[in-house]
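Two complexes are shown next, each including chain A; its partner changes from chain B in the first to chain C in the second.
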Partner chain A sequence: MAVVRMPAGPTGSTGRRAPKWVLAGPAIFWYIAFFVMPILFILLYSLGTKNALSTSGVPVDVGSLSLQNYRDAFSDTFFKTFRATIRIAITATVLCTVIGLPVAYFLAFKVQEKWRAILLALIIVPSFTSFLIRTLAWRIPLAPNGTLSGWLQDWGVIDGPIQILETQTAVQLALVYNYLGFMILPLFVALDRIEPGLREASKDLGAGRVATFLRVTFPLAGPGIAAGVLLTFIPMCGDFVTAVVLGGADGNMVGAMIDSQFKGAQNWPLGSAMAVMMIGAVLVVLGVGAAMVFVIRKALGIRRRVVLPEVVR
Partner chain B sequence: MTKRPEPISILAPESFREKLSRRSLFQIGGAAGGLALLAACGSDDEDSGSSDTAGGSSDTTADGSSATPAAGSVLAEYSNVINQAEGTIAMYTWGDYNDPEIVGPLAESTLGVSMKVDFYASNEDLIVKLEASQGTSGFDIVVPTGAYIPQMIAKGLLEKLDLSKIPNIVNVDPAYRNRDWDPDEGYSVCKNWGSTGWMWNKAVTGVDSIATWQEFIDVAMNQASGQTAVIDTAPNLAGMYFWANGIDWTTEEAADLDACEAFLVDEFAQHIKAFDSYPSTKIAEGAYTLAMAWNGDARQALVRIADAGGDPEEWAWGLGAPATEIWMDLYCIAAGAPNPDAAHAWINWLLTPEVSIQDLNYHGYNSGLNNMDALLAELVPDLVDGDMIFFSDEQVATMQTGAVNSAQERLVEILNKVKAKAAG
Partner chain C sequence: MTAVTAGTPHQLKKRPDLIRLLMGVWTTLVLLFMMIPISLVVLHSFNRGGSFSIWSNATSTKWWSDVFYADETWALITRFVVIVALFIGIPKIVKRSRGEINRHIERWAGVFGFVVALVLNWFLTDGYRDIFRNVGLGDALRNSFIAAFGATLIAVFIGGLAGVGLARRPGWWTAPFMAVLFLILVTPEIMDGIALLGWFVRIGSWPGLGLFDEGMVRLWVGQSLYSSAVVTLIVRARLAGLDEALEEAAADLGAPPARAFRQITLPLISSALVAGALLSFTLCLDNTIISSLVSTAGSSTYPVFVLGAIKSTIKPSVGVAAVVLFAMTVAALAFVAVVLRRSGDSSSQITATMTGN
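Now for the complex of A and B:
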């Protein structure tokens, strides 16, 4: 039997090739250096105490670690803002889904090929403007002394000037407006990828339009909805610009609070503790959401399962 | 079943059909795009920051040219030295604090410098920014409030001034020089000083007069509840409570601070609509009916209301009483400034009477020059709302200077708690 020698691989010697994760090396390094390390620093700072006299540029003293900052962050006044932020973000995400789903459905199934690109562009092009400008622009239609307010009062729709600015409503509006594109696109992609044959088959087998949507289209779009929810909910939780520009005192959100701790109060440890709590809160909400979806699917699965009869030989 | 791609129809002569191909279109497009990019970048004078001008500062010619005023003019009594400079100056200052002409075309034509201006809304923001960048912030001129200067000097955030490059400093009223935060004037030059009060819409609130801080609080909690803006700095919000209750606003007594926190967080926070240091920007659009404001900002608000087609007569301004603050903002040069020579020349130019008065007329704060009355009579005889810029001696006697002391941290905590409580 002859010994067969393997041909030389990329490393130039026989046998071993470089491990496959080498290709991901730069990305791994980048994430560790610029994502994992800063998060670890934040965790470390959150356990430290404020040191206003530090000359190193970082006013944190990590000599003695304690959980005091977390106790402070859990105090009533701050926790209310956390709850408000999560509530606003969940509401805005649900609204985005409710508004985005019909649009994506329309684009994926009802629009001719040639118009699809143009309509998609119409949805994306507003994102070319700066986020800040889009948010600031809301101050114009919502201005209490503005033209829109004047018209609405003249037509008797409202009694006094528009009082939406500087409230949570304004923040909610602007969040839905700014992040709607991030919901429509993943939904559209998911719906577009559904084989047309599946929906036709459903129709052939006797399901009406609603039944087809609920039992075929919607479940198949599941991954798209999940992607859209992630892409909207997580940035909304940390959103700072909208709260500052439109929120006033009432629409305060966690992002603005963390900023004022880091900048105004120079209390990096407390700000870090809040940031860690926010990450935790987002994970908890997503976990609860995923668990709910899992339970619902299991329940529906049991109800709708098809039990094949035993084959008797 | 695939469709054949439809042919493109364009309006072009037949002869083009041979020459026009995808590749040639891309080439033309790419060339046109590249040309446009070059044109856009080429004409951009004020490119990124002052880092480019590191070489320029060594060429400044202090030719000390003077603008000779007319004989008999009061201007002749002032020093009018103007030094030329080069390059770009980056200034980090309060919002709407300089006449745009002075930091724009006038600076270019008179001094030869172009300016880049960034804004902050509180001294804490400024200090944090300078501290975090450790000398690399890229800013030449910063404008802190006097009470914060000792802290900044201790942290090494400011550069010593070379007063030989600021000969016009003799124009400044001695009362505003050598104050306790910078006794030998090593680091700062007076920009202007001002005070705090309130402005309110008489028609909407139905209130004709607000004479004291206690009345301000009452209106904020009743007629203007939910429509009130307060200044977004810790000392001002706490100061409102202290002045209304006859307490020195620099108190470090724990009992005073506790009472202040209890009142602001439990009773006052829910009536606040916004924490806004520049209510003038939003008053014109109808956002507030009552606002705590600095005097110059309130004056600008009246101008903006008129511009927006509203009626400035509906609004009234009141100086804080029975006590209020006197704050002074000063020009300083940040540590690690890229273009200190030009910065000195610009500060020096701002101290010439004509420029100083032009700036004063814009931002509405007293710029502290000698013999202000005579200057105004000559340069701006028709000054609008002068009572919002200049205060009588009795009024000045009620103004307290601020101090950054051990209570500062507690005050900032209180502010953040009020913000958290005011939300929903």
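Now for the complex of A and C:
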């Protein structure tokens, strides 16, 4: 019965049909085997204890489970880095939105179609260029004895060499740079999908530019902003490439600490606990953000509610 | 009154649009900001000095010849150009002399020629080893390509099927499947990386699963997760915009499902599959975090190699390899744009596809 032959003829659908999910079968198998299961095991490891001589090959003992790793993870160093990471990621997300929104708006509404394709290409190409290369590239302008540093000193802008490399500022700058495209593009897609008629109607009804933007365009761009925030904030929190390449000891981030627990220190349970806490923190921040948006919308909605006069019959 | 609907609403305005001007200036500045660091990498690959980050005020191609053997590389490029040109040109000549030619042959001949050149060059240059003078960097680049290629094959296979399933056979499974897909897209890479590392170490010791101790197999699996999700979404979006009538007609006319799939569905999604495959390839090429966690000593890809060398002085040869990868990415993206445009997408729709919307 491996091959189900459909009877020929106009009523071809009477044969036994395979289950509906069968086409996604390989994907379902793949994601359970290499996404769901591995992450469930990380949850398990985060409750275990370190054991370099474990027989399973994984240096974790899961005989007696406890929350000790989570308590250890709240150590001073980790907590400081944790807070710094979240702060840097939130700042970078906000900066990406503020920098990216005018660009997306310009591309969606203010530019001719032939130019739009070129400008979009100029944003897409750097965004899809190797992340590591883009990060590494910042070592050139930020080099203390590099060309830019020399120019700035000659012009008297700064007294000594640029001292940004190996600091949090460098990480902050490179994060904005690395993720800006992934904010602009979803914003553009959302703005581009707004029916032109809606904005025109707003103008025809007497709304000025600012009012049209604030009360029609911006609310309709909501899904794009949400997509942009998801595409930038979450990977920023787990990013360690930027921190390793530009941050030095001062600009450490959680991702780098987790990485070192798995590679250097070989304390997998602690690293797992840190990763789980990172995901938890990301969810909390996103939840708080969503709640704030919801409350603001509700409040504005009540204030701006249009009460239609009762029709007199 | 008809002018109101036909013309643009801005026609009546005479005063210059200051806001538009400011936004244009801002956009230009942002584009410069995005382009300058990458341009600097290209420039510094021609640095005469020995450092990647300090410019020596003189250009030289010595770091290019440090990475590549010039003769072998030019021979390789020539073979690529000639073979692809032949494959594109011959159908055109046939078409001119005979008046017509199979549309599919005409459409995909260039791609087929590229694959032929790829395979031929593999055999002529000992798997592309012969073109590299710098063995470490050469192996890293080779590994990057082999890893990205394998992961893309997996991604196109499972993602293409899943995309068709989502668009054509939705059911109770759709919601949980989309939820997992969403999680794959948003989970920080570091989480996937450590989870897969632990998993490979564990299952590698199980009987019959020793292949998961192989660095390359690990890279294929690790890189295929995100990219297969991207392919799934692209294929699903493409099919969702197409009427199912053609496939139903094929079934009504008695075509078995496999044949209907091969002759109707597959041609419909071919442009989506090509676009998905190339996007997946570029994503895999620069995958850094998962790759650095799961790869083993012999299978370091280019990003893993650079990340490992970060503590020592970085040479301009790293920039040379970066420029090569950059050129590949640009070529792949341009090809995606061409394929999608040929299937009737506007630049806005192409952007939406590339960002997974």
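The rule we apply is simple: the second predicted complex is superposed on the first by the 276 of 313 C-alpha atoms of A that agree within 3 Å, B and C clash if a C-alpha of one lies under 4 Å from a C-alpha of the other, contacts with A are read in each partner's own complex, and residues count from 1 in each chain.
Here, a residue touches a chain if its C-beta (ideal position, glycine included) is under 8 Å from a C-beta of that chain, and two chains touch if they have at least 3 such contacts.
In this text the structure is predicted, and so the values were computed from the model without any measurement.
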First, second, both or neither for A:Phe262, with chain B first and chain C second: both
Partner chain in contact with A:Glu166 - chain B first, chain C second, else both or neither: first
Partner chain(s) touched by A:Arg139 [first = chain B, second = chain C, both, neither]: both
A:Gly248 touches, of chain B and chain C: first, second, both or neither? first
Which superposed partner A:Thr81 touches (first chain B, second chain C, both, neither): first
If touched residues of chain A are counted for chain B and for chain C, the larger one: C
Contacts on chain A seen with chain B and repeated with chain C across the two complexes: 57, 139, 143, 145-146, 262-263
Sites on chain B touched by chain A in the complex: 122, 124-125, 127-129, 131-134, 155-156, 234, 265, 269, 272-276, 284-287, 308, 310, 409, 412-413, 415-417, 419-424
Interface residues, chain A side, partner chain C - complex: 4-6, 8-10, 12-13, 20-28, 30-31, 34-39, 41-42, 45, 56-58, 60, 99-100, 102-103, 105-107, 110-111, 113, 116-117, 119-134, 136-141, 143, 145-147, 177, 180-182, 184-186, 188-189, 192, 200, 203, 209, 227, 230-231, 234-235, 237-241, 244-245, 255, 258-259, 262-263, 268, 271-272, 275, 278-279, 282
Residues of chain C defined as touching chain A within the complex: 9, 17, 19-20, 23-24, 26-27, 30-31, 33-38, 40-41, 44, 52-55, 154, 157-159, 161-162, 164-166, 168-173, 177, 180, 183-184, 186-199, 201-202, 204-205, 221-222, 224-225, 228, 232, 251-254, 256-257, 279, 282-283, 285-286, 288-289, 292-293, 302-303, 306-307, 310, 314, 318, 322, 325-326, 329-330, 333, 337, 346-348, 350-352, 354-355, 357
Residues of chain A that touch chain B when the two form their complex: 52, 55, 57, 59, 77-78, 80-81, 84, 139, 143-146, 149, 161, 165-166, 168, 247-253, 257, 260-267
